[in-house]
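Structure record follows, encoded as structure tokens.
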Amino acid sequence: MGLQSDLIPLLAVLVSLFAIPLIALSSRRPNLRESWTFLAALIKFGLVLSLIPGALRGETVGGALFDIAPGLPFELEADPLGVFFALIASGLWIFTSAYSIGYMRGNGEVKQTRFFAAFAMSLSSTIGVAFAGNLFTFIVFYEILTLSTYPLVVHKESDAAIQAARKYLTYTLTAGLLLVAGAGLLYMETGTLDFEAGGLSALIDSDIASGKLWVIFILMFIGVGVKAGVMPLHSWLPSAMAAPTPVSSLLHAVAVVKSGVFGVLRVSGFIFGFGVLQQMGADVLMMILSAFTLTVASFLAFKQDNLKRRLAYSTVGHLSYIVLGVSLMTMSGVLGSVLHIAAHATMKITLFFCAGAIYVNLHKDSISQLDGAAKVMPWTFAAFTIGAMGLTGIPPINGFFSKWTLALGTIEAGQWIPLGLLILSGLMNAGYFFPIVARAYFKPGGKDLEGHGEANPWMVVPLVSTAMLSVIFGLFPNAFVHILDLATVIMEQLFNVGGDL
Amino acid sequence: MIWEFELVLFVFLVFAAIVALEARNLLVSVVMLSVFSFSAALLFASMGAVDVGFTEAVVGAGVTGILFVIAIHKTSAKTND
Amino acid sequence: MFVVSYISISLLIVLAGVRFKESAQPLATFGAGVTAVLSLVGWIVVKANTEAGFPAIRYGFGGWAPPIGIEFVLDGLSAFFLMVVNGVAAVVLWHSAGNLDKHLDAHPPTFYALASLFLLGLNGMILTGDLFNLYVFLEISSLSSYALIAIGSRQAPLAAFRYLILGTVGGTLYLIGVGFMYAMTGTLNMIDMMAIIPLIAEEPAVLVALLLMIVGIGVKAALFPLYGWLPESYTQTNSISSALIAPIGTKVAAYVMIRVLLFVFGASGLNAVWPLSEVIAYLAGAGILFGSIMAILQKNLKRMLAFSSVSQIGYILMGVALMNPLAFAGALFHVLNHAIMKATLFMVSSHLERQEESVDIRDFNDSYRVKYPWTMATFTLAAISMIGLPPMAGFFSKWMLALGTIEADHWVLLGVILTSSLLNAVYFFGILEKVYLRRSGQKEASQASMNEVSWGMRLPALILALALLGFGFFNVPLLDILQTLFPV
Amino acid sequence: MKRSFESPITLLGARALAPFIMMFGLYVIFHGHYSPGGGFQGGALLAASVLLMRVASGSKTSSLILSNAVTTPMGVVGVLIYFGTGLLAMFLGGSNFLDYEGLPIPGMSPFYLRYTGILIIEVGVGLAVMAALVLIYDKMADGEVSQ
Amino acid sequence: MEMFLANYAYAFTLLILCIGLYGMFFKRNLVKKVIGLSIFQAAVIMFFVSLASKMGGTVPVKWDEIPVEMIDGYMNPLPHTLMLTAIVVGVATQGVAFGLLVNIWNRFKTLEEDALNEAILEDSRD
């Protein structure tokens, strides 16, 4: 590959960074400002798209740019996993941009310039996280992501928002520091922090005491696990729902939390390697934590009346599906995880979009107030139903597909308890989503619904499109962007096998 | 180097230092400090450091003393400790 | 050879510049700027020399051979410190031009004479190759800093007086230590002494001398239990002095610590009898935590920054005491970072003090965002670097320090570094929240209008803050060199 | 000085003593390079004699000896003599800073050059020290210590 | 006796040093603190001078009866010259201290530590 394509990962990171000054400068003219956002999103998506053919061939594009710390290069590499993640993040940014225009204006929010600028910044760092070629670069972008999401979480500037943002910052900064400490320990032991499919050969070959290995693993797992919402560390996520809905939808369903689970994948698959983890017995720890999380989170989701909080707990649960899949360390399990990253992203973003549309249009955020709302907002609730069905795991939506693969993984690994919990949690998903749908469709609406129609097209079109995407990817997993093929390539790299699944 | 002489000077130095610190009237303190400096100068000279003694006599006993007096006149000469 | 003479000339420019009563500020700034450029030249020459395998540049005054005469030594370490000190000082003095009218009741020539004398002392401390001469320069810089600190609020002279008492004790203890070393080795020259120390390292007198010197310099460097003078001094003095003294004053004391402990005594000499380096490392660790916690409790921005200095000095001394190249490079890099960060933050506090008459954190509110957009942007950059988040420079020095603690197997200290980063985040984000977020009971930002200080003040602060970003991205060449400076 | 310690006896004593102290100071300065003493001690002695007059007779009379306004320039001149000699030796003589042998005085052997060089330096130091000490006194006495 | 003769100077120096330190840290009057400082510095000078002094040595001034080559006949002049500098530094320190004292007096009208602390407390109460 030539020089130009080597620069694509860097450009993909920089695009939205360049958009920030433009956004800031055009703060007086909202239309111009939003078109910058749009333009950046489209260019970014195009750049990521251009990487797909290479990634499908299993190639890695990009490389070290310069040393950012002694012995540690600043490395942006688009390997298949990175492209996969970047694809989801940048693709959904386009929809979110459109949606946030509708949401922010419809809601009459203040400080919109700051909002869009911080949004572009966090997308930049998400792509950076995706393309980071070594753990150090990963950490750098991971921390920038933390910082740039802070203004978004705190956007409303209410006391609740400030509290939530503080909580968010405390959790994620601590996690970042532990990650740094873990990286430091690892670096001193092995002298490298590069990501290597199947685990660092320097680590596998070395004879580190298992106690030290455990320390490193725990530090790193907490570091990435906080953003992935693993159970004892999850509580920032429901609080962060104080943020405006576009933020919740893209960042807390896609970018931030997914960079957490992405980090789990990177740490376990590309740093330690599954072999080492199984030898250590760390997979059991991960499995117990994630299985616990997905069960308890589903229970907690039942109790929430606030729609966004219920979605948040559902997110916590679904993130644990992914971690669980990784912890199985079998091919189907990990494949299921990777696919669920994509599936959950499209479905959960739909649900959040719907929640936002309902909030802007009807000023309702509690589930108990939604009686009969489907009659005034048919499109929104149709999309919501699709998303809910997908998360429950009903075919032909893509959620079914990934869950099925996950279940196969548990069988393959011979882990029956996780399988049981998986099924149980699927049922519980149904249990907490369908009452909402049923309420909206079948209960008679109150008087306050009169005079309200469907939401602004700026919001409806994105949410319907993402719902459509879920269905399309469920039916044709290789449509447009070859999600399944990409995931297969990733598996080949991780498990070092050739050929089909 | 007459060590008996030095010993006497040392005792005198300690005495002067204590009085300088304990006197209630700061002017007494300053005078005792000058005495202290002058004894120290003698001691230096007797130890063979003629020029140090010389300087100490001029500076420590002379100029510093004057500066102390001025400072005290600018402020207050009484103290409780 | 000629480099050192250049530097001594530049010192003369500083000294001579201030004597002309008119236009003291431009002259002083010019002097500091020339010195900064010269130290950059010196750094480059030393680097070239080291690569070519030449030893450090030594310059004997009066043509006397080093053991008798006084000599100046320019090696990598001193070149680095010269660069940091003079560079930051030049920017601070440039910045002070816009602030003169408000904050100096004394007439400017006196002030700039003192400031230049202060810089002269610091430069001398860095360059000298002689322990006694170091004491003289130490006192020159200390005396001028007492006077600089005394210009300020009502309590400033008292703070300065207390600093004077403590500082003089520190300096004198150092001098006694030097006396012991002289009695033991018969030389005052650092390079000569370095050769003799391994032979006598276990003598009790050497231990006493070492302890005295550590305590003496520790006072100046605000090593943990000896930091007492620092917070009051930085809080009460005027904002120009605090911006000048806080970033570089303690750094040079840290330099002396490095020079004496690592270069003169060396690791073996230092730990010959007691594991003193461990003691210093843990004291520094205690200082880091103590400083951070005290900083959280403060209501006054300047006092908060002062306590934060106590904690940041802890990082530097800890890196020195860990005795490995990684931590050493981290400490030196932190010297650079902290000098820039503290200068920036104190400049910001001077902007606020100038416009608002108060630096009480409780008074900060949403309107500051509108009134001082540039100042606050600068503050944010410096604060993020202070917390140690990538890609700001502060992260990389902490990274190196963390690697150093791992290398030395000091897990507790690793924990200290991590904890204090969080504590830093607590107090800096507390301010950022106040400034950028509207809370109930706060003034409406919409009622405020832009009330920014002049560009002459905004620009230097902004340049320093951006320098932090630059050093963050391109730290590797510097860190590589700094690692090689560690004495084997 | 607002409050002088005026009394005829002190004034007489001071006036009798001051010239001798001053003379001795000069002697110390000029013999500093081969006997105990030198610029600093000599300067301090000169200052002491001036201060004696100041204390004894008040600033009006004593400023006849050394006026208040002269002290600062005098100190500057002293410092400049010191550095000037050093720099002259460095630039014109081509040797190190303060290397007296490099002083550009024609027709002098290096041995005498060193003598002369030290002497010049001592005079500079003496001037500076005297000026500085008197300056401190004046500032304090005027209550102008505003640093 | 030998022991005493060899070391009594150091013992006295240490004693004076401690007196000076006591004055600086335990006296509540600021002028007393400066006096303590002065004593403290004098003690350090004394320490250096006694370091250099030698039994049987003479003043380090060239004297024709003892040729320069007989180094034992002279005392070491280097500490002496250093102490001259130290005295200068001491005077300068005291000069600055006086300046500060007068300034403090002008602002607070007291030089007693306790009264000053009270005044500061009052300031911060406003």
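Side notes on the structure shown:
For reference, chains read A, B, C, D and E in written order, and residue numbers begin at 1 within each chain.
Keep this in mind: contacts are C-beta pairs under 8 Å (C-beta built on N, C-alpha and C of every residue); 3 or more make two chains touch, one makes a residue touch a chain.
Just so you know, these numbers come straight off a predicted model, no measurement behind them.
Shared contact partners of chain A and chain E, listed by label: C. Of all chains shown, the one whose average CA position lies nearest the global CA mean is C. Centroid to centroid, with C-alpha atoms defining each point, chain B and chain C lie 38 Å apart. Rounded to a whole number, the gap between the C-alpha centres of chain B and chain D is 24 angstrom.
Separating the CA-averaged centres of chain A and chain D is a span of 79 Å.
Chain B and chain E have Cα centroids lying 11 Å from one another.
Residue positions of chain A touching 2 or more other chains: none.
Of all residues in chain D, those that touch two or more other chains are 36, 38, 40-41, 133, 136, 140, 143, 146-147. Residue numbers of chain E whose C-beta contacts span two or more other chains: 59, 61, 79, 84, 88, 91, 95, 98-103. By the touch rule above, chain A contacts chain C in their complex via residues 66-70, 74, 139-140, 143-144, 146-147, 151, 154, 157, 159, 162, 166, 169-170, 173-174, 176-178, 180-181, 184-185, 187-188.
Against chain E, in their complex, chain C makes its touches with residues 68, 132, 135-136, 139, 143, 146-147, 150, 154-155, 157-158, 160-161, 164-165, 168-169, 172, 175-176, 179, 182-183, 188.
Taken in their complex, chain D has these residues touching chain E: 34-36, 38, 40-41, 129, 133, 136, 139-140, 143, 145-147. Those residues of chain B whose C-beta lies close enough to touch chain E in the complex are 1, 3, 6-7, 10, 13-14, 17-18, 20-21, 26, 29-30, 33, 36-37, 40, 43-44, 47-52, 55-56, 59-60, 63-64, 67-68, 70-72, 74-76, 79-81. The touching residues of chain C, counted against chain A in their complex, run 329, 384, 387, 389-391, 395-396, 399-400, 402-403, 406-407, 414, 418, 421-422, 425, 429, 433, 436-440, 473-476, 479-480, 483.
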